[in-house]
Amino acid sequence: MNDTSAVKDALRRQQIETPSWAYGNSGTRFKVFAQQGVPRTPQEKIDDAAQVHRFTGVAPTVAVHIPWDRVDDYAALAAHAEDRGVRIGAVNTNVFQDDDYMLGSVTNPDPKIRRKALDHLLECVDIMDAVGSRDLKLWFSDGTNYPGQDDVRARQDRMAEALAAVYERLGDDQRFLLEYKLFEPAFYMTDLPDWGASYAHCLKLGPKAQVVVDTGHHAPGTNIEFIVAFLLREGKLGGFDFNSRFYADDDLMVGAADPFQLFRIMYEVVRGGGYDAETGVAFMLDQCHNIEPKIHGQIRSVMNVQEATAKALLLDRDALRAAQESGDVLEANAVFMDAYNTDVRPLLAELREEMGLHPDPVAAYKASGYFERVVQERKDGQAAGWGA
Amino acid sequence: MNDTSAVKDALRRQQIETPSWAYGNSGTRFKVFAQQGVPRTPQEKIDDAAQVHRFTGVAPTVAVHIPWDRVDDYAALAAHAEDRGVRIGAVNTNVFQDDDYMLGSVTNPDPKIRRKALDHLLECVDIMDAVGSRDLKLWFSDGTNYPGQDDVRARQDRMAEALAAVYERLGDDQRFLLEYKLFEPAFYMTDLPDWGASYAHCLKLGPKAQVVVDTGHHAPGTNIEFIVAFLLREGKLGGFDFNSRFYADDDLMVGAADPFQLFRIMYEVVRGGGYDAETGVAFMLDQCHNIEPKIHGQIRSVMNVQEATAKALLLDRDALRAAQESGDVLEANAVFMDAYNTDVRPLLAELREEMGLHPDPVAAYKASGYFERVVQERKDGQAAGWGA
Amino acid sequence: MNDTSAVKDALRRQQIETPSWAYGNSGTRFKVFAQQGVPRTPQEKIDDAAQVHRFTGVAPTVAVHIPWDRVDDYAALAAHAEDRGVRIGAVNTNVFQDDDYMLGSVTNPDPKIRRKALDHLLECVDIMDAVGSRDLKLWFSDGTNYPGQDDVRARQDRMAEALAAVYERLGDDQRFLLEYKLFEPAFYMTDLPDWGASYAHCLKLGPKAQVVVDTGHHAPGTNIEFIVAFLLREGKLGGFDFNSRFYADDDLMVGAADPFQLFRIMYEVVRGGGYDAETGVAFMLDQCHNIEPKIHGQIRSVMNVQEATAKALLLDRDALRAAQESGDVLEANAVFMDAYNTDVRPLLAELREEMGLHPDPVAAYKASGYFERVVQERKDGQAAGWGA
Amino acid sequence: MNDTSAVKDALRRQQIETPSWAYGNSGTRFKVFAQQGVPRTPQEKIDDAAQVHRFTGVAPTVAVHIPWDRVDDYAALAAHAEDRGVRIGAVNTNVFQDDDYMLGSVTNPDPKIRRKALDHLLECVDIMDAVGSRDLKLWFSDGTNYPGQDDVRARQDRMAEALAAVYERLGDDQRFLLEYKLFEPAFYMTDLPDWGASYAHCLKLGPKAQVVVDTGHHAPGTNIEFIVAFLLREGKLGGFDFNSRFYADDDLMVGAADPFQLFRIMYEVVRGGGYDAETGVAFMLDQCHNIEPKIHGQIRSVMNVQEATAKALLLDRDALRAAQESGDVLEANAVFMDAYNTDVRPLLAELREEMGLHPDPVAAYKASGYFERVVQERKDGQAAGWGA
């Protein structure tokens, strides 16, 4: 796809979902640093997300998180979003913040707690119905901290049972995206620690169960783009939770730690057909702006994904294939690196102007005065965070 | 299974397979240090393996590796083994040591090389027929060193095609065990890097395709016993290549680096029914005695597996279940650790005497004079190694 | 030191310090699960620590953490401890929980914030004077999340300046223990990421600056016992923050994740003279009992350290030296493993009875009714945690 | 240093040393794949190195490795190099490929073997004298595979003794560069596993002992640029062995696995004054072209270092400092990323033309016919490799 106008067309269609919780305060177990201008309500989070779309043009949806974004009237929340020029995207479940979940939610040894957790998941499907959402995101913190603490296999049985119940409840145009994570907050064994475990569960359930790849949830050295290529081949890649990390699940801005890795991932997405709208691969951000301004951080993140995508689209795939087939290691790598080394910022600036946007989203956002305004408006009340 | 005599019965039935190549010289890319008394032929390797069985009583089979153990008459080789009191176990394939395989074997971009590799795999099934072997072990070094070097997805297509052809060729009582490995010798992407990839391929092929877990082939932090429990639940655990590591695929003696991990693995095997003969889980060693004497090293390794198994069998599963179900984290962990902290060496010494063996296999082996004899007998000729 | 009575004498003298914060609530960024019976004041934390000493006999001191244990009258706090049969040990500083420290404390680009942080450190030396403490524990969360965020080298200059100021303030019988940590909460660069950095700073300052090894603060694969041996050889090992981990800084109970590693560490301590009282190596616990009862968890942890120490002391060092010097790899390893595989629980039970204690500290603690009592007594008020 | 002509001047002065062994065959423990046109003698390796300099203009020296490059007349070898337009750089020692070194070289428990190893190191200083070399590179594979195998501390004593003897022997204008490595070929404990250990030894000896950073020798997650900045601040950074890795010591082409990391390293070099000639930081490649053509691979590697250096030099340090000092996380990171995202290939092409070189070194090398010629000329004889 070397034709610049075709590349631009593809980039124009891109949709990157931002998460409502990225606009609230976040931190580590050591400290949540309070920031200025942080939204206090789900509506204000959506307002902030709308700014990201306003200046980038490619972030039309915002994911919500229940109960952090619990409201009485979800239809009204959806209308609020539309009013701001965006839509509600995935509904994210939360079965990790109740004292009952200390030893697990859907895999808890106690059946009453499992039932409570399942009820929450099903409630989230109700909310999907109300807001018109396609994707239910399932992340389970379930696991154990000590060898012997609970029965590894029994927990899989319980996991399978809960997933089947959720699957059953999904509507025709709905699906769930099943996340996996190596560790944290469980420190010995996580019930869904890797893509293989999520894949195996999804495979048994059917096409509405898909795997979601959070780019910060792997063991050191894991080749994430391999997983992407493999899942696309199997028709089981539901989407991404994008972020970046140097160490563990650091939740830094996507592309900040290893921009070359992000490019390799986007290349496999394009290569495997995952960029085509009909495959339904969801491109979502899931980050924590612990020390940087949040809206600005989201804009930068969206731009990072755009840049990696542009490079992946520009790659000369015919030349690459020719070099690969002839076994020319250095030439194949050179074609690959040529795309990566291209400075795509001018192309993206041009594209934005064609889309009626400012070529520099960060500058435009800063000039808009939005941040200064919300710092004033949101002085009082309780800033949103992971707890609320 | 707290009844000591039942534990002993179970331990008496244990079968740990040693690999012919462990008796030859091995090393790192930096140096293969030559040792004394190293076998020069497949027959001499079997002679050494027979010593391990002679003193431990639980190592009745020896795995062969083709072409390192290529002979003209495989039936004669099998007879030689029987003559020494052992049998030939798994047949290990080798598609990584021919100059043709520089860019891969079954996933090579060149179809002629893929064909050559497949022919070797099929030849190994012929050898299985000749020696009466049940298990074909498939390890592929296939992968790439540089991003872009080859097409990740096309290589999966080629892998699937080769595996299907091998599967087709298997006899009714034969199966293949598909290994995975994170890296080495491929340094960017390995075509089967993790259990999920091996599992997905095996699942499509059917019950004669099973996953084998090499305990040194994972990313740092991987919870191996989880994989064991998961695969047993899926009926897809074919067996183990046991060894241990502090860093990468160090191939140290099993249990040397993390004896607690080995215990946890053996516990999940017992818990998941993998110790029952009918599940067909193969317990194989795959190690490199780079700096230690090889027969002695194998005896020690077999003993390490025995000790971990004994502890796993002794674990008070009723007490564990009760603690787990009541959510008593510390009590459950304590029951687990009690089994691990038990010194099972006296029990095993007793068992050996009941089996007509010396209670201390290492002392008995040293006293036998075998090593001194082969040092003399094998002075001339070419010591066996990975290359031959 | 194979003489059992000598080993017992050594074990009788052991002193393991427990941390006041281990008795309060802790958790991950996802959730702090509230437990029952948690202390509400520094005094109640000391009460709980005294229970650990009461039943183990080897935990006579408790570390405090400022500001979590801030009181008006430190002499009174010290008297309270003595009244309960324990003493106050190390004073732990905290320059990571004020909003001012978002971009660092002593390495913050803003000199006013650096001054504030330094003032806190100096205040902690005042508290040491008041409670009669020898050790000041310095852990800095300082670092950066993004490449370019701050100047790596300038931050070292600022670190050196702060450390020098603290060193200068120390009394003749006081010292500071300088901690290092690979990551968390900083996710790109930590200002003191490894033992080399702490060592280099301490070396320049003099003998009252010592390195403390937190066993959970290393990169995957790091050989911690090497660091212990190296620092002891250099006279720079100040002590330990014991805990264990499978992944990152999981802060599990010491010995829970890798008991063999704990044994290897204790062996190097004994080998390097670090167990002799005059070397001043401090054995401290630093753990988070996120899901298990806290006092019980501390007792178990103390016992784990005791068991590893007993094994290290029992090791036949003459036999080990002989095997090492003759280059007998397997014999040397066998001597090492013999000590590890010994079940030292009977020896420790015997020792406890000789010390007038119950042979089973956990059973004795459970039978004491202490937990049930504090659950009642501490129903109201604010449970202590990392924030208070 | 935003002034393009100043940047070009700096780039013109760059000197990147290539290693003689990169031109010979290399591989993994599984297989050394033979390539065509591989040199058979030290002289031919120098011929190949000269090609890299010919087309890049910044690779004027070639490191030698003893005994792989052992010749009778070192003065003649130096003259041969000069004749080809290059010079001999660092002398690399090898005390890992003799059967005597199975349990170590300078830290071997056997004093006779230690003496033998030391003699080799001293012989290498003789060679330095003969070829006019400034740098002696010391890498020790010394370590142990099993806990207890040898005494950790005694090995440090032996290491210190050997290093002191070598230091003593160095001429006034000579120095040694002391390498460290986490693991391989030692799999439990390496005697110099990290920068801290090398640094501590070098510090005691004096200014002629410097640390060398091999970019592939660290634990996962290690922040290498931190080490670079720290060592430069201490005046102890002797140089680099450049290569790249996704997993362990993969020895891929520098910049191939993580080009952003290479940029960050080069930025810290520039920031810390390490790019100034007087600091004496040596920029060396140490790679294994297992599957790619070797001369071509070296050219590409040199270009990768050049590109990272150009970006580091172009970084707007005033803007960076301003953002850092004001605590503007996102702006500081943006300035940093702007430099990285710049496509410096046009600038480097321009520079090459100014230097009288072809703008595209790879194309020029391919067009030269050199490879085709040596494939013919070197058909017979024994290709050079790690063993010879």
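The chains carry the letters A, B, C and D, assigned in the order they are written, with residues numbered from 1 in each.
Basically, contacts are C-beta pairs under 8 Å (C-beta built on N, C-alpha and C of every residue); 3 or more make two chains touch, one makes a residue touch a chain.
In UniProt terms, the chains line up like this: A, B, C, D = L-rhamnose isomerase.
Given the structure is predicted, the values throughout are model-derived calculations rather than measurements.
Asks: Treat touching chains as neighbours and tell me the shortest step distance from chain B to chain C.
Replies: 1
Asks: What chains touch chain A and also chain B?
Replies: The shared contacts of chain A and chain B, listed by label, come to C, D.
Asks: Report, in whole Å, the distance between the mean C-alpha point of chain A and the mean C-alpha point of chain C.
Replies: Their C-alpha centroids are separated by 38 Å.
Asks: So what's the Cα centroid distance for chain C and chain D, whole Å?
Replies: That gives a centre separation of 39 Å.
Asks: By residue number and range, which residues of chain D touch two or more other chains?
Replies: Residues 103, 145-147, 182-183, 188, 220-221, 223, 246-247, 256, 260, 291-292, 329-330, 333 of chain D each touch two or more of the other chains.
Asks: Residues of chain D touching chain B in their complex?
Replies: 26-31, 33-34, 96-97, 99, 101-103, 141, 145-147, 182-185, 187-188, 220, 245-248, 250, 252-253, 256-257, 290-292, 386
Asks: Name, in rising order, each residue of chain C that touches chain D in their complex.
Replies: Those residues of chain C that touch chain D are 103, 109-110, 145-153, 156-157, 182-183, 188-190, 193-197, 199-200, 203, 218-223, 225-227, 229-230, 232-234, 260, 264, 268, 271-272, 320-321, 324-327, 329-330, 332-333, 335-337.
Asks: Within the complex, which stretch of chain D touches chain A?
Replies: Per the stated touch rule, the residues are 220-221, 223, 246-247, 256, 258-260, 291-293, 296-297, 300, 307, 329-330, 333-334, 340-343, 345, 362.
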